[in-house]
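Contents: one structure, followed by commentary.
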Amino acid sequence: MKRAHAGLAAGLLPVLLAAPPLQRMLEASMTAQMLVQIPLLAIAGMLLGKSLPESAANRIQPWNRGGATGLIVVTFASACWMLPLSLDAAVVSPAADLAKFLTIPLLIGLPLASSWPRMSFVLRGVLLFEALATLFRMGWLYLISPVRLCNSYGLSDQQRLGEWLLMAGTALLLCIAWQLLWGSPKAAAGAAGPPGLRAGRPA
Amino acid sequence: MSALYPQTEALSSRERAVLNLYAISALAVFLLLMLFGLAMRAAQGRWINISPQVFYQLMTAHGAGMVGTVGLASSAIMWFFLRKYVRLSTAMFVANYLLFLLGAVLILAAVFIGGFGGAWTFLYPLPVHTMGIWSINAAAVFMLGYLVIGVGFLLFYLDAMLAVMRVYGNLGRALGWQWLFGGTIDKSHPTTVVASTMVIIVNTLGILGGAVVLVMCLVNAYVPRFPLDALLVKNLIYFFGHVFVNCSIYMAVIGVYELLPRYSGRPWGVSRPFLWAWAASTVMVLIVYPHHLMMDYVMPHWMLVTGQIISYTSGLPVFLVTAYGALTNVYRSGMRWRMPAMLIVLSMFGWAAGIVPAIVDGTIAVNVVMHNTMWVPGHFHFYLLLGVLPMVLAFLYHVAGGSSRSLETAGDRLSLAVYLIAGLAFVGMFLAGGRASEPRRYAVHFAEWLPYDRAASIAAALVIAAMLLFAIRISGALLKAGSGEKGSGEVPAHLPG
Amino acid sequence: MRFLRTSLASVVAAAAGIAALAVATYGFTAFTTETARRVAVSRHPVPVPAVVLENQAGARFSLSALRGKWVIVDFVYTRCQDQCAVLDANFARLETMLARPIAANRLRLLSISFDPGRDTPTALAAYLARFGGRSPGWQIARPVDAADLVRLERVFGITVIADDDGGYTHNSAILVVDPRARLIEILGWRDPERAAREILGKLEG
Amino acid sequence: MTMQNDAWVISLVGIGLVALLFIYVIAQAGKIAPDPAGVQKKAYALRRPLFWALIVLGIGVAYGTLRTFPIPKQQGALHPAQTVQVIAHQWSWEITPAPIQAGVPIEFDVTSADVNHGFAIFDAHDRLLTQTQAMPGYTNRLIYTFAQPGTYRVLCLEYCGVAHYGMMDELHVVARKGDRQ
């Protein structure tokens, strides 16, 4: 995608999501908010990252070697938006909703886009591993919780979200496994460093 | 002698230091935990008096510690041989060690300071149903220790995954799956890469299961209003535990594939049955765990049937590919019977023979009268004590021995004989106890079981004596080899002699 | 020194992240709105607005008229088949356990309906009778003005969502208002014994 | 012969066979075959029938041991002569009713009030007869027919905490009314 197109999309997506009918629709259900609205906002942030000029990225680079700082920002921001009380707040309070529309693109999507290419394979692996584990844990938790965790949503909505999270985790796991087992060599190990050495391999 | 010690396996002084760290820590911990085991057997035999509370603390530490330490020692074997074919990061290997150390400290603190005695399997809800003997915090620290160790192994596997993919493109090609159904097999494709890749895949999944269930147990410990499903937790714990223990064996067996051909002088490379065996094991090790749950009658019965049948089939690669292959390799080869070679053959015997009582117990009808009797520790001590540990010892004897024959004394051979005979007697007493319906994990035994316990105690003491000699000999030789090279930087450890 | 700036930035980011999480969760004590409300209210009491209510007898009164007394509040709707029934069965037990301060005119129980459209005084009276509630110790009332209902729900932290079948999904709690007309404590609704102990403790304290 | 003895003998024979094979190969290992490739070829040719023999053996054993499934069905009525409720606690058994009839199928409905336990029935000679797990939240249904009246022992076979070894009880099995012992 061209930089300008990415920028355009990054600007349009949150506006579209903030349009009252769509916003109301997506926030009416816990599943839609967590699995559609929030991921789309994060994608908007990623697109924003793509649209930034390279000089900006280079200026940040010394502060974000190996994507470490970005990873920390993303981790904490995601943790904040995984709290049931944040989801509630976003529905009830316009201020919290505004915070959501700002922080998810800027503190999750953007740092993810700018840090991912800098991260080592191992760090990416840890991030994906933790993402998988979190999907399974939260899905499990939402399925078994006898109480509603969000005041704004019903128990059945919460359980449906639990099922979706488990399915999302399984799908992600299968995708990763497929890519690792049969994926193209370049995509699998490519970006994360210099090409492999066969040094030391006996003839 | 350079055939025994190829240049490609030379250790830099830094690598040697790290390997020494792994080897000497593992040997020391093995000895300590064996002493815990001896204490338990002697207490059951009423030769020493320890309170049940201390007994179960020792049992928890022995189980968790042995599983973890076998994993640690085996990962050193995988690292040592895999780094010949792909470029592994020493830093990640060190990180694994440091995280293991941290995790071990947490576990030991939970057990011996916090009093945690919930067994290494931490079956929900026992860790949080403490009956006032340990605190929720102690249980949490114990589980946190597991998590930290899991992260360490994850780092090591991710690094190895990247390294393997850089050379072979993807994991499927590293496993040789392109040759499963046809094509000309590249005979130089390393067996080490096949086994390592299998372990990387399988144990990452096992650790994922562990990471999910451990955090859920931690959440439940502090927010009890989220009640977990005891059966689901049990499934995940046994999945995680089974995969982890098996992967330790698969990592250790790499040493057999690498070293045995050098002592027999006959090549042992990949073949189509070999690749099929490892491909099948990759799948089977993930789905066989329900054989731990056969007495959970509410389990879906198809899963229990799967457990029984996969228990049978997972024996086939062991018998017909690895053990049979090893014997073929040894048969009329003009074998050089040095310590590593003897230990390797012992390990193959221990693994293959130890699987027999395991398979028998994997039959539901037998499990009904054998589950959680001494039969169970009988079979896993068989292939851990006489299978995996000899693999580890063989590797260390090989590396530490170097080109000198200093580790080939009559004392070493005598110790090996003692280890074999006492080891057989030790596991035999477990199996005999199982036959006599002696329950496992009883701090206090009926009088009729005492003969087994006492015979086992004597055997355990002899095993420990032999192990002590091995540990001293290996550690001494490793340290000597290290100090001999001080300042010489990249000089290979094993000079051709 | 290559990593100095990144280390610095990482430490700052981690510190900011921990701080943000700590603020959001009231020092890692609350992860749901319900517990967060409880922690917040016990730290910072919330003044209760002086809205006008209509009770089961059709009489109108302002919440401010209850100043000087302790008021134990819950939110219900009379058609509720499950949660409210349990809640008000527990309220009835509270009425018995708190009989002494009620008799001394120091405390009142007040159920507020969040379905004023359907909960007419007749319906409210029938509901109160069903649980054996005796006025004036326990009265049930509906807000007269729809805007007041919104204010009440916000102050007391009650979220009501309409179901598909005409009912409501809502959270429940036993809400304690002190004589200065401030909401000072939110108690769990499943354990009336504990709630009674806590309320009696406050009355003495 | 009991199941325990069967398992013991089969295992010993299996381990013995493996040992014999190893001893044979070890004894031969010192010699040097003139044609190493031939050894390998022969060995691998032998492996194929061995593989199929083990497969056939495995299928036979699996069929034989699973045909009458060793675990009773867990849903639907079992029509036992008597149903016994078993609730495991840390660290005691709650078993009702107390006298149990011999010679007829008894259904044990086994559950736990706290942690995982194992409900195992031992005979007068402390031989394990049958068992199932006792888990919180689940009821495992075990069917057993006591051949003889007498006193049987119940032991816990899943580690359940510090007094696990002491979690014992007794079952009193009596002759059925009308039976003469």
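Read from first to last, the chains carry the letters A, B, C and D; within each, the first residue is number 1.
We adopt the following convention: a residue touches a chain if its C-beta (ideal position, glycine included) is under 8 Å from a C-beta of that chain, and two chains touch if they have at least 3 such contacts.
Here the structure is a predicted model, which means the values were calculated and not measured.
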Whole-Å gap separating subunit B and subunit C, where each centre is the average of the chain's CA atoms: 57
Centroid spacing, where centroids are CA-atom means, of subunit A and subunit D in whole angstrom: 49
Chain centre separation in whole Å, for subunit D relative to subunit B (CA means): 26
Two or more partner chains touched - positions in subunit C: none
Overall pattern in which the protein chains touch one another (line/ring/star/complete/other): line
Interchain pairs in contact, sorted by label: A-B, A-C, B-D
Residue numbers on subunit A that touch subunit B, as the complex places them: 121-122, 125-126, 129, 132-133, 136-137, 140-141, 144-147, 173, 177, 179-185, 188-189, 192-193, 195-202
Residues of subunit D touching subunit B in the complex: 2-8, 10-11, 14-15, 18-19, 21-22, 25-26, 28-33, 36, 39-40, 43-44, 47, 50-51, 54-55, 58, 61-62, 65-66, 69-72, 74, 90, 114-116, 118, 120, 122, 126-133, 135-142, 155-166
Residues on subunit B engaged by subunit D in the complex (per definition of touch): 52-53, 56, 117-119, 121, 123, 125-126, 129-131, 133, 229-231, 234, 264, 266, 271, 273, 294-298, 301, 304-305, 308-309, 312-313, 316, 319-320, 323-324, 327-328, 330-335, 337, 345, 348-349, 352-353, 356-357, 360-361, 363-366, 368-373, 375, 431-432, 434-437, 439, 441-446, 448
In the complex, subunit B residues that touch subunit A: 6, 8, 83-87, 92, 151, 154-155, 158-159, 161-163, 165-173, 177, 188, 201, 204, 208, 211-212, 215-216, 219, 225-229
Touching residues (chain side subunit C, partner subunit A) in the complex: 2-3, 5-6, 8-10, 13-14, 16-18, 20-21, 24-25, 30-34, 36, 157, 159, 161, 163, 169, 171
